[in-house]
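Per-chain residue numbering starts at 1, and chain names A, B, C and D are given in the order in which the chains are listed.
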Amino acid sequence: MNTSFFGELLQTISDRGRALIDRRRVDPDTAHSESLAELCEQLLSIRGEASEVALAREILARYDELTIGPRIAFFETLLLRFGPDRTRIEKAIEAWHGSQSEETASALHMQCEPRRQELFRRLNLAPQGTAALVRMREHLLDVMVRRPELAPVDSDFRHLFASWFNRGFLVLRHIDWATSASVLEKIILYEAVHQIHDWNDLRARIDPPDRRCYAFFHPALVDDPLIFVQVALTREIPSAIAPILAPNRVPLDPDRATTAVFYSISNCQRGLAGVTFGNFLIKQVVAEISREFPRLGTYVTLSPSPGFSKWLKTERATIDSAGLSEGDRTILARLDQDDWWTDQAALTELRDPIMRAAATYYMTGRDRRGLPIDPVARFHLGNGARLERLNWPADLSPRGRDQSYGLMVNYLYDLGDIEKNHEAFAETRAVIAASAVRKIARPARAAAPAPAKVEPAAPSA
Amino acid sequence: MNTSFFGELLQTISDRGRALIDRRRVDPDTAHSESLAELCEQLLSIRGEASEVALAREILARYDELTIGPRIAFFETLLLRFGPDRTRIEKAIEAWHGSQSEETASALHMQCEPRRQELFRRLNLAPQGTAALVRMREHLLDVMVRRPELAPVDSDFRHLFASWFNRGFLVLRHIDWATSASVLEKIILYEAVHQIHDWNDLRARIDPPDRRCYAFFHPALVDDPLIFVQVALTREIPSAIAPILAPNRVPLDPDRATTAVFYSISNCQRGLAGVTFGNFLIKQVVAEISREFPRLGTYVTLSPSPGFSKWLKTERATIDSAGLSEGDRTILARLDQDDWWTDQAALTELRDPIMRAAATYYMTGRDRRGLPIDPVARFHLGNGARLERLNWPADLSPRGRDQSYGLMVNYLYDLGDIEKNHEAFAETRAVIAASAVRKIARPARAAAPAPAKVEPAAPSA
Amino acid sequence: MNTSFFGELLQTISDRGRALIDRRRVDPDTAHSESLAELCEQLLSIRGEASEVALAREILARYDELTIGPRIAFFETLLLRFGPDRTRIEKAIEAWHGSQSEETASALHMQCEPRRQELFRRLNLAPQGTAALVRMREHLLDVMVRRPELAPVDSDFRHLFASWFNRGFLVLRHIDWATSASVLEKIILYEAVHQIHDWNDLRARIDPPDRRCYAFFHPALVDDPLIFVQVALTREIPSAIAPILAPNRVPLDPDRATTAVFYSISNCQRGLAGVTFGNFLIKQVVAEISREFPRLGTYVTLSPSPGFSKWLKTERATIDSAGLSEGDRTILARLDQDDWWTDQAALTELRDPIMRAAATYYMTGRDRRGLPIDPVARFHLGNGARLERLNWPADLSPRGRDQSYGLMVNYLYDLGDIEKNHEAFAETRAVIAASAVRKIARPARAAAPAPAKVEPAAPSA
Amino acid sequence: MNTSFFGELLQTISDRGRALIDRRRVDPDTAHSESLAELCEQLLSIRGEASEVALAREILARYDELTIGPRIAFFETLLLRFGPDRTRIEKAIEAWHGSQSEETASALHMQCEPRRQELFRRLNLAPQGTAALVRMREHLLDVMVRRPELAPVDSDFRHLFASWFNRGFLVLRHIDWATSASVLEKIILYEAVHQIHDWNDLRARIDPPDRRCYAFFHPALVDDPLIFVQVALTREIPSAIAPILAPNRVPLDPDRATTAVFYSISNCQRGLAGVTFGNFLIKQVVAEISREFPRLGTYVTLSPSPGFSKWLKTERATIDSAGLSEGDRTILARLDQDDWWTDQAALTELRDPIMRAAATYYMTGRDRRGLPIDPVARFHLGNGARLERLNWPADLSPRGRDQSYGLMVNYLYDLGDIEKNHEAFAETRAVIAASAVRKIARPARAAAPAPAKVEPAAPSA
C-alpha cells in the first residue's frame, strides 16, 4: 500500500474515465487530428473527477510523443492561448470599479491568473503528473535558450513548483551502501561535480566510514532524489580534490575526524531550477553529522570556481583592467602555454598571481544585480558561509583547468555566524571572507549597485 | 533523521534568527505591547530566511496564547488590514491599461492577491507551521458562526490548504493493532460516527480478522491522520449497526466474506473542512481490499441519515406538504410518543410510512443549490455510489433516534458504474437509487433548480 | 512476506501432511484413544518432513487441550518414557569399549541424550512451536513445585532454550508511545515490579522525554518481548519510588539529566526462567542511552529487596542471631505494630536499625551456594554492579512493606569497574558495596562456603 | 539500535575483558608464542562473561591470520585434543553402572560430547562469531578433501549449525532493484548456476516485471543471504536457458504468465553445506508467488544435470553397459567430435539417443546409498517434485556442454502431489517422473539397495 499502488489505482480510475471521454466527446473521425491544445481546453472546462484524471493522462501521453518542433509549438500555444484572458480581466476590472470589495478583488485576482496555472494543476492530477511536469519544464528551459519570450510560461511552472516542493515536504535520507540500487543508480547519474564512473566508484564515495552522502526526497517523486551532497570526514580543511577521490586511499577512523567537507552538491532535477533546497540540505546535514560525531568542529566545502577562467580571460584581455597588476598580468601569460599544468616551474611562478587574481575575482567580481559573479559563491555566501581559503592548484583535471585554471575554494559554515552572515549578505551583498583572502584582493574600481532582493543561486558544490 | 528531527533543526535555526530579531528590531520597552498585526507586517516585509522562520514562530506562539476576544480581533485584522491593497490594485490596473501584456497581467494578478495569502505562506515556514495554521482555521470556523463576514479569510485558508494537501502527497496506511499507540489514540479521539469508548473498544474495531481500518496521512502532519474509514467484512449487506458493533460477536473468517461494509468515515481535521479526501480514500480502500480479498464482490456503506429527523418534522408540521400522504402523516404521529422505539407495535406500524418518507427525503429533498439535503448522500452520490437500500429501524441509539428516527441507509459502490454515476450526479444532480427506493418515494412537487458546479460534501459515513 | 506469512505456509504444509498421517497411520476407531505418548513415539520414528510438521502440530494442539491432571501425567511420561534408553546406552558403552574412537564416543553421546531432547526439537518444527514449548515449560515449572522429580525434563527444556535463545539472535528495541499497541499491551501485562494499571499509566512510563523503555525480542516470538527495562532520567540517585511514578510530576528536560535510573526490569517469559538476558540488556541499554545523552554520568538502579522481610523475621525470631544487636532487636519490634508505616515517630526510630539490618542482610546473608540471599542482588552484583546505597523508607506500598518493610536499594553500574567487579564476584562471591553500607553491616558469623560456578539469577529490577 | 550496534557493544565489552585477560593470565614474555590451542583450553576453563567474549574474539582474530599449514595443524588439534575426554567418559560410565539414573545418563551424555562443541559455542560469543565459524568450516571442508580423517570435527560444526540455523529463524525477502546494494553485490557474487557478469546483468535478472528473486536471511548473518532462487514468469515450460537470459528480450506482462520457472537456486554459504534450506525456500516462494499471481498454475524448474556427462562417459566406456543400446552407443560417438554442438546434422542425429540416455540416467542411475546420482535430482525429488521433461539441446554454453552435453531438465512442483511424492521418495527412493521420461528409459540392471534415511542434497537449481 504505497505511492506506486496509489498510482495504479489512479490509472484504473482514469482508464474508466477515458472510456467516458471517448464515448461522449470525441468524434472518432477527428480524434487523431484533435490537437493537444483542444484537449487542454477540454481539461479546463470539464467537470467530473475521473474524466479530469483521464484527460490529464491523455494529454501527458500525447505530449510525450511530440518531437522537438511540435513541442515548441505547444509551448507557444501555452504562451499565447493559455495566458490570462483579456476580456475576463476587463470585466473583472469593471466589477471591481463598480464595487471595491474582497469579492471583486478576489475575482480580479483569479481572472488575472494565466489559464496555464490551472491547466498545470489539472495535469498534475494524472498518475505521476508531477514528474511529467518537471520533465516538461526541462524541455521548456532547453527551448528558452533560443526563445526567451517563453519566460512567462516558465514563470508559471516555477510558481507552482515552489508551492508543491515546499520544504516542509522534503525528507532527508542518508545514502550509503545499504541504500536501494534504484536510488544509487540515480546518484551515479546525477553527480554533477566530480563524475562517478561506475558502481565501484560509487561505493568508494558512500561506503567508507569517513564518507557520508545525504539526499532530499519528495513524496511525489518516489526514489528520485532532488539534491544530494557528498561529505568527507577529514583531519584538516582540504586544499585539493584528488586526495579525497584517490582510489586506494586508507579511510580515516571517523572518530578521529575534526572536519566535515562538503565536496560535491548536485541538483538532480533540472526541471526544478530556481526552486532551491540546497540551503536547507546543508543545514540539515550539518545538524545530522554533528549529532553523529559531536567532536567535529569544522564544516567546510571544497568547491569549484566555475566562473574564474572566464573572468580571468576577460581581465587579461582588458587593457588596464582593475583586477590585475601589470606584473601579474605578465606572469599569467604562462597560462597560454599548452602544458602549463605539468610544468612545475610554471606552477610555482603562477601561484601567487593566481591567488591574487582569485581573491580579486571573489571580492570584487559582480554581476548586473551586484552579486558575486561566481554562482557557487552566490549559493554559499547566500547561505551564510564565509569564503575561507583559496586553493591552487587544487583540481588539474581537464574540467578543473577549463573552468577555473585549477582553482578550488573552501567555504566555511560556522554555526555561530551563519545567520548573521546570511542576513548581511541578503541585505548588503557583503562578501564575508577570511582576512587572508581579503588582504590579497585588489580593490574594486566602482561601487556595487544598490542591493535588490537576492535570488537564490543553484549550487554545484 | 526524520520529520521531527527536521523540526528540531528548524527550531534551532529560528532560535538563532530570533536572537537577531530581538537584537535588531524590537525596542525592549515596547516589545510586549507590540501587536501581532505589527509582527505580521514585519514578516511580510522582512528579508533573510532565519528571521522569517523565527518571526513566523514568534507570531504563532503569540497567537496560541490569545483568548477568544483578542483572537476574534486578530481575525478581523486579517480581514481588514491584510486583504488586497486597493492602491496597488489601482496602480496595477493602470499599468495593465497602459500596456496589456503577460507581465502587466501577472503584476495585476499578484497585486489582487489578499496579503493574507503570503502571510499564511510565511507562517507556514515555522516548525509545525502547517498544523498551527490548520488549528487557526478551526478557530476561525468557530468564530464564523457569528461572524460570517470573515468568510474571505476562510477562503484564503481553504485555497492554500487545497494546494498543500494535494492528493498526490497523501499516504494511505492500514491501521490495526500493530499500529503505533500515538496514532491509535487519535483514532479513538477522532471517531465521529460511532464513538470508540476505550482501548478495548478500539481493539474490537481494528483487530478482528473481519475488520479493517485505513487512514490517509500527510507528511506535514506526522502521525495525525486526515481521515479514516472503518470496514466490516460480512456475508450480506447489513441493515443495522448494532450487530456490527456487538461486543462479543464471533468474527467471520474473512475468506468467507462477500461484502465490505464502510460503516464509519471520519474526517479528523476540522480545520481542513472543504478540502476533501473522502472520495479518494474510499476508492483507494476498495482497491486495497479487493486486492487482499479477490472474492469480495460488494462494496457498500452503512450510513447515517443526519438530516432526516429535521426534514420529517418540517414535513409533518407543514399542512399539505408534498412529502407525506395523509395516511402516513397520521401514523407518523406515533413518533411523538415518548418511548416509540421500545414499543413493538409502534415499530411495526411505523415501518412502512417511515420507509416511504425516507425514500421521498432522499429522492426529492433538495437544498438551495438543488443538491440532496442529506450531506452524507451528497458525499456518496457525488463519489458515484448508488443509494441501495433504506434500513429501519437500524440505529435506535439516542443519537440515531435524534438525527434520523433510527434510519440508516446503504450506498453501493459498483466499480463498473461508479464513474458514470459520478458524472451524472456532477452534471445533472440525478440521485441514482435502487428501484425499490425510487418506487416508494412520492414525486417532488417543484422542479429542481438548474445545475450548478457541485461542491464536494463532508462525509460522516 | 514475514514470519507470520511463513507461519501460514507451514500450516498449509502441515495440513497436507496431516491428511497423509490420517490416511496412513491412524486407525479411525482408535484415533481418539491414541495417547499423546504414542503420537510422540511416532514423531520420533517418522520420516518425511511434512508428516513431521503435521504430527508436531497435532501433538501441540492436543497438549493444549489437556487439563491439569493429564498434563502432569504427560510430564511423567516425558520423564519415564522419553528419557535415555538404557539398553542403547549399554550397547553404546560396549561398542566404546570395543574400540575407543571419535565415532564410538559420538554414538555413546547420542545414545545418552534423553529422547525428550529430540522430541522437543521436532515439536519445534510446528508453526509457532517455540512459543508452545515455552508455555509448556511454564506449566512444567508450576507442576514441579510439588513434583521436584520432574527436574530432568526441565533440564532438557533449559538446555535447548539456552541454545535457541542465543544472545546473538536477540534484538533490542526502544519502546515508546510510537510502538505498536500489540507490543505495548504486553508491556502492561508483563510489568512485574511496579504494576502498570492502564494505558494512561503506561503512557506516563514510556512517553515523557525523561523516560525510556527498552526490550529484547527474538525472531521466533514475534512482538512478544523477552525482557524489558524501564529507565528514568534524573538529576540525582533516587531514594524512593513514589516520586518516579508520581502521576502529575513535571518531566525533566533530558538534556539536564545526569543520572539514568533502571527502576524496573521484568522478565516476560516465565518459561525461559534460567535463560538470562538481563545482563546483556542492561549493558546494551547503558550503551544506547549514553550514546543518546553523552552528558549522563551515572547509571544506577532503584531496586527492591525481595528477601529482606523474610530474613529480618528469621533474625528477629532467632535468639542470639548474629545479624542484629540487642538494641536494634528491641526497636525493630515496632514493625509488629499494625500501622507502623503511617506512624512518623516509628519511622524515625526504626530508620537506623533497619539500615543496619539491611546492610548486614546484603553483606552477610548467604544461601547454600554461598551467594547473596537476595536474588536481585545476585543479579546485579553478578553483572558487575556495586551495591551503592540503602534507602528507607523507599516503598511503603503494600507489596513494598510485605517483601522488604519498605526498603529499596541502588546498584551502581560504573562502566570502568563493571568487568572487574563481575570477575571478582564470579570468582570469590565478593559483595562489592559502598563503604557507607559496609561500615554499618555487622560481621558475618561464619565463613562463606567455597566458591562454586555462579548461576545467573533472575532479575526483578 | 540494531545488530551492528550490538556488535559494537560486544566489542567494547570484550575490549575491557581483554584488558583483564592480558593483565591476569598472559605472561608477557610468552604471549606471542602462546598457541591457539592453549587459548582454546583457557576459553573452556574460564569463568566470567567479559573474559569469555574477549578470549573468543582473540582466538578468532588469531585464527584469521593463520596460513594454510598452521590452519591444518589447528584442525588436527581440534580433532585430537578437543575430542571427547576418554578418562572422563570412563568415569561417567562407572558412575552410570553404579547407579542408572537420569543424572548419571545425563552426565555420561555430557562427558561424551566432544569438547569442540562447547569450544565452538563459546567462540560463537565473539562479535560476529557465527560468521567466523561458518568461514572456519569452509576452510575445514577445503582441507578435508585431502584429510578425510577430520570428519568428526566437521560433524560437530554441522550439528551446531543445524541448531543455530533453525528454519524458524529464517526470514524470506524479495530481492529486486529496490534492494540494498550491499545485498545485491552478494547476489552477484554467490550466483552459482548462471553467472551474473555485472550490475546491468543483475538488473536484467531482478528488475523486469516477469522476473523475481527471493532469498533467505538469518539474523546472525546480517545482509548476507543463505540461499536464493531466481524465478522467470513465462507462458510455457521452458526448454532452454538462453531465451530466459537473453539480453534484449521483451518482458512478459506478468498477468499473462501461466508458469513460474525456478531457473537458478544458489547456496551462498559453503560453510553451511548439509544444513539445507532449499526445500523451505521453494515452498515458501511458491506460496508467495501464487499469492501475488493467483492465475499461475505451473511451478517448474529449469535445472542442470551436473552428473550426466560423467555418467554417459562411463556408460560409453563400459562394454556391455545396461544404460545404452548398441545403436545409441554408435551414434553417441559423435560427441567425441570437437565441434558437435555447432554441427546441425550431429545435433539432429544425437537428439533421440541423448534423450534415451538421459531418461536412463535419471531413472536408473544410483549412488551407493541407492539415491539418484544426480545431486540436483536428489534435491528436487526429495522435495516432492516430479521429473517432468528432458530438454536437449538446452544449454550449449561451455559449462553446459561440459557437465551435461547440453542437457537440462524440468522438475515440476505440483502442490497437490508434493507431499505424497516427498513421502514416497523418502521411504522408497521412487523416482517420480512423467511417463514420457519413463517410457524411453532403459531398465535398471540390478535392484537398488534397501532404503536408508535420505540425506538432503545441496541444490544448484
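General remarks:
Throughout what follows, a residue touches a chain if its C-beta (ideal position, glycine included) is under 8 Å from a C-beta of that chain, and two chains touch if they have at least 3 such contacts.
Here the structure is a predicted model, which means the values were calculated and not measured.
Between chain B and chain D, the least number of touch steps comes to 2. Over half of the residue numbers found at the chain A and chain B interface occur in both copies, marking it as a same-residue contact.
If you average the Cα atoms of chain A and of chain C, the two centres end up 58 Å apart. Averaged C-alpha coordinates put the centre of chain A at 38 Å from the centre of chain B. Chain B and chain C have Cα centroids lying 51 Å from one another. For chain A, residues touching at least two other chains: there are none. Residue ranges of chain B in contact with chain C, taken from their complex: 177-182, 184, 199, 203, 223.
The touching residues of chain B, counted against chain A in their complex, run 1-3, 5-6, 8-9, 12-13, 16-17, 20, 47-51, 79, 83-84, 86, 89, 93, 96, 100, 102-103, 105-106, 108-109, 112-114, 124-125, 129-130, 152, 155, 163-164, 166-174, 219-220, 279, 283-284, 287-288, 418-420, 422-423, 426-427, 453.
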